[in-house]
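Presented sequentially are two complexes of chain A, the first with chain B as partner and the second with chain C.
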Partner chain A sequence: MKALILNGERSFEYSLSKFSKIIEDLLKGAGYQIKTIILHEKNIGNCIGCFGCWLKKPGICIIEDDAQEVAREVINSDIIIYLTPVTFGGYSSQLKKALDRNISLISPFFGTYHGEVHHRPRYKKYPSLIGIGVFSEYNKDQAELFTNLVERNAYNFHSPSHASQVFTAGESLQEIELKINSLLSKVGVNYE
Partner chain B sequence: MNTIILNGSPKGNSEKCNSQIFAEQFVKDMKNPCEIKCIAQNVPKELAQYVADFDAIILILPLYIHAMPGIVMKFIEELEPATSKGKSIGFIIQAGFIETAQHKYVGRYLENLAERLNYSYLGTVSKGEAAAIYMYPKMFKKVLKLLSELGVAYEKNHAFDDEVVKKLTNPYELSKFKLWLLRLVNKVGLGNIGWHKVLRENDVMDKRLDRPFL
Partner chain C sequence: MNKSRNILLLVGSPGGASSTSASLGHYILDQLAVQGFVTTELNIQSEVQSSDLQTFCKTIDDAEIILLTFPLYVDSLPAPVINTLELIRDRRVKSQVNNQKLIAIVNCGFPEASHNEWALAICEQFAQEAGIHWMGGLSLGMGGVVHGKPVSELGGIGTNIVNALDLVVESIVQKEDKIPEEAIEYMATPPIPYKWMYTSIASISWIFGALKNKVLTKIGSKPFV
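Right after this comes the complex of A and B.
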């Protein structure tokens, strides 16, 4: 089993390595192979909205940079973790920029899911999604928005299961560990 | 009252950009058309400083995976809260899927953003089924006209006109019947004719379902 952490921390503010370390240790304990990508260390350009990944080179973004590696890792994982500072209730632009480039993983063709129009899957299997948002200062509305966004993105990317949790930068390691443990069990991780 | 219109699409002022078409329609019939700037063609920090001098901002953007495109988030991260009261901000979102209920999340996000920035919130106007407007503008004459009406009313009242907004937002959700119809259309492949046409032109029809990363 494989897990991938997409760390969307921003180079100019608090690091999220404390969180990724805890996730890595817990998942290793459950027998997972883990990869962590710190997105700001990678060369990832913005999606230019050309739909080339659907219509020119189906399944591959036409921009040749590290986002291709990210997409490849995502689709070959059983669990992906979006780890990000919460900005106004959303992801950091670092993370969002990388996710925009992931539409290569779904199909251009339409289907109806959850009573809505969505794109059909391209692959047979998609990873479960965990969203972890970290606040410098907690805000209830934004926490709710964050949870919502993770859920919506789980629909977009056909995740078989999803869960999310927000943290405040100052929480103790013990608290963080407990909450992350419960998140992991929500997407089916067990330690047997 | 001076207003700046921002186009948040990564396509910028290309002729293939629906947000740019929306922006141009919005100002078309104004007595004093507002200035339009593209986020994609500006340095985020400089643009954020530039817009701070305006009384109002209207940001027009495509929906990208249920949220704003990465470049818009980058720009938003550069905005500073207004130091005086009386500034306002409004949003126009256009997207591919038909039902505008899918914009619900981003609408709430934008409202929260306005509050944090100490701007008064003019609202978020949503338009679904907009992806093909640049390809077939003639088929979307009605939508384009509504956008100009929205602009004229905005110039007069500094607000989005409720009636026009309602027409643009429709349908909010898909009825059971419409869903059934869509399923049928998708099943017989009609919903994908547009994609098939381009795939054939690009000579990759046989690759359309490829799974290159396995």
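Right after this comes the complex of A and C.
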């Protein structure tokens, strides 16, 4: 079983490495093979909206940079974890840059899912999705928005299961570990 | 008297001037220019991201109203738009600008405008953090029907879009605090009444696009497994 952490911390802001470390340790304990990508250390350009990943090289973004590796890792994982500072209730631009480039992983064609139109899957299997947002200062509206956004992403990405949790920067390691443990259980991780 | 009133259009589409986001913004800017507004336009991907921060910040600070238009990317704003909002917010923590207003217009390729709800909520949260008054947002589904064409040339299919934008112009001219609910409803009304018709047209356009590039047999490729 494989898990991928996409760390969307901003290079000049607080580090999210303590969250990353806890997730890695818990997943290793459950027998997962883990890869963590710190996105600001990668060369990832912005999506240019050309639809080349659907109409020129189907399934592969035409921009040749590290986003191709990210997409390959995502689709070959059983769980992906979006780790990000909560940014206006959503994701940081660092994380979003990588996610915008992942539309190569779905089909251009439409289907009906959850009572509305979404893109059809390209692959047979997609990873479960966990969203972890970190606040410097807690904001209730943004916490709800973050939860909804992760759910929307899971629908669009055909994730078999999803879960999300927000934290504030000052929470103790013990609290963080307990909450992340519970999150992992929600997407089917067990330690037996 | 609108001569001292500045409106800034921030276009968040990588398609720039030929995008649907630009078309929607241009319609409002053109109407306001006629009313004596000073209008400025910046493309986030080609100009803001490459311009010097000082010049960009001055342009932002000088605007009485910021009109942000963008396409929906993965249920949210495109990354460079988020990055621009982060820049504005980070700077506003140090220097406040009073009486500034924000309107956002988001378009998506899905038939349902409701997909845009969370992107607009993010814009509202940005406004709160940056100390900007949130006038509200418009949400367009079936954005493919505009396809970068000038809104005034859309004909019958664009009637609700024109109605929505006219109401927004009026609310700006009248210095209202919110865009009217009626404008939001007009914009969210599907330009094509049948979802199946829109999705069928979209499918045909993907097939033709793939045919043109000689990749139709590969359109469902799974290169990473």
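As a convention for this text, the second predicted complex is superposed on the first by the 192 of 192 C-alpha atoms of A that agree within 3 Å, B and C clash if a C-alpha of one lies under 4 Å from a C-alpha of the other, contacts with A are read in each partner's own complex, and residues count from 1 in each chain.
Here is the rule we use: contacts are C-beta pairs under 8 Å (C-beta built on N, C-alpha and C of every residue); 3 or more make two chains touch, one makes a residue touch a chain.
On a predicted model such as this, the values are computed, not experimentally measured, just so you know.
Superposition of the two structures on chain A shows chain C clashing with chain B. Legend: residue contacts after superposition of the two complexes on their common chain; A:Gly89 is shown touching both chain B and chain C.
Shared-chain residue A:Gly59: touches chain B and chain C both.
In the superposition on chain A, contact of A:Ile5 is made with neither chain B nor chain C. Using the contact criterion defined above for the overlaid structures, shared-chain residue A:Ile23 touches neither chain B nor chain C, since it reaches no partner. Of the two partner chains placed by superposition, chain B and chain C are both touched by A:Phe109.
Put simply, chain A uses residues 46-50, 54-60, 71-72, 75-76, 87-93, 96-97, 99-100, 102-103, 105, 107-110, 116-118, 122-123, 141-142, 145, 148-149, 152-153, 156 to touch chain B in one complex and chain C in the other. The touching residues of chain B, counted against chain A in their complex, run 9-11, 17, 62, 64-71, 73-74, 76-77, 97-99, 101-102, 105, 108-109, 112-113, 116, 173-174, 179, 182-183, 186, 191-192, 195, 198-199, 202, 204, 207-214. Residues of chain A that touch chain B in their complex: 46-50, 54-60, 71-72, 75-76, 87-93, 96-100, 102-103, 105, 107-112, 115-118, 122-123, 141-142, 145, 148-149, 152-153, 156. Listed in rising order, the residues of chain C touching chain A in the complex are 13-15, 19, 45, 49, 71, 73-80, 82-83, 85-86, 89, 110-112, 114-115, 118, 121-123, 125-126, 129, 195, 199, 202-203, 206, 209-210, 212-213, 215, 218-225.
Chain A makes touch with chain C in their complex at residues 10, 46-51, 54-60, 71-72, 75-76, 87-93, 96-97, 99-100, 102-103, 105, 107-110, 116-118, 122-124, 139, 141-142, 145, 148-149, 152-153, 156.
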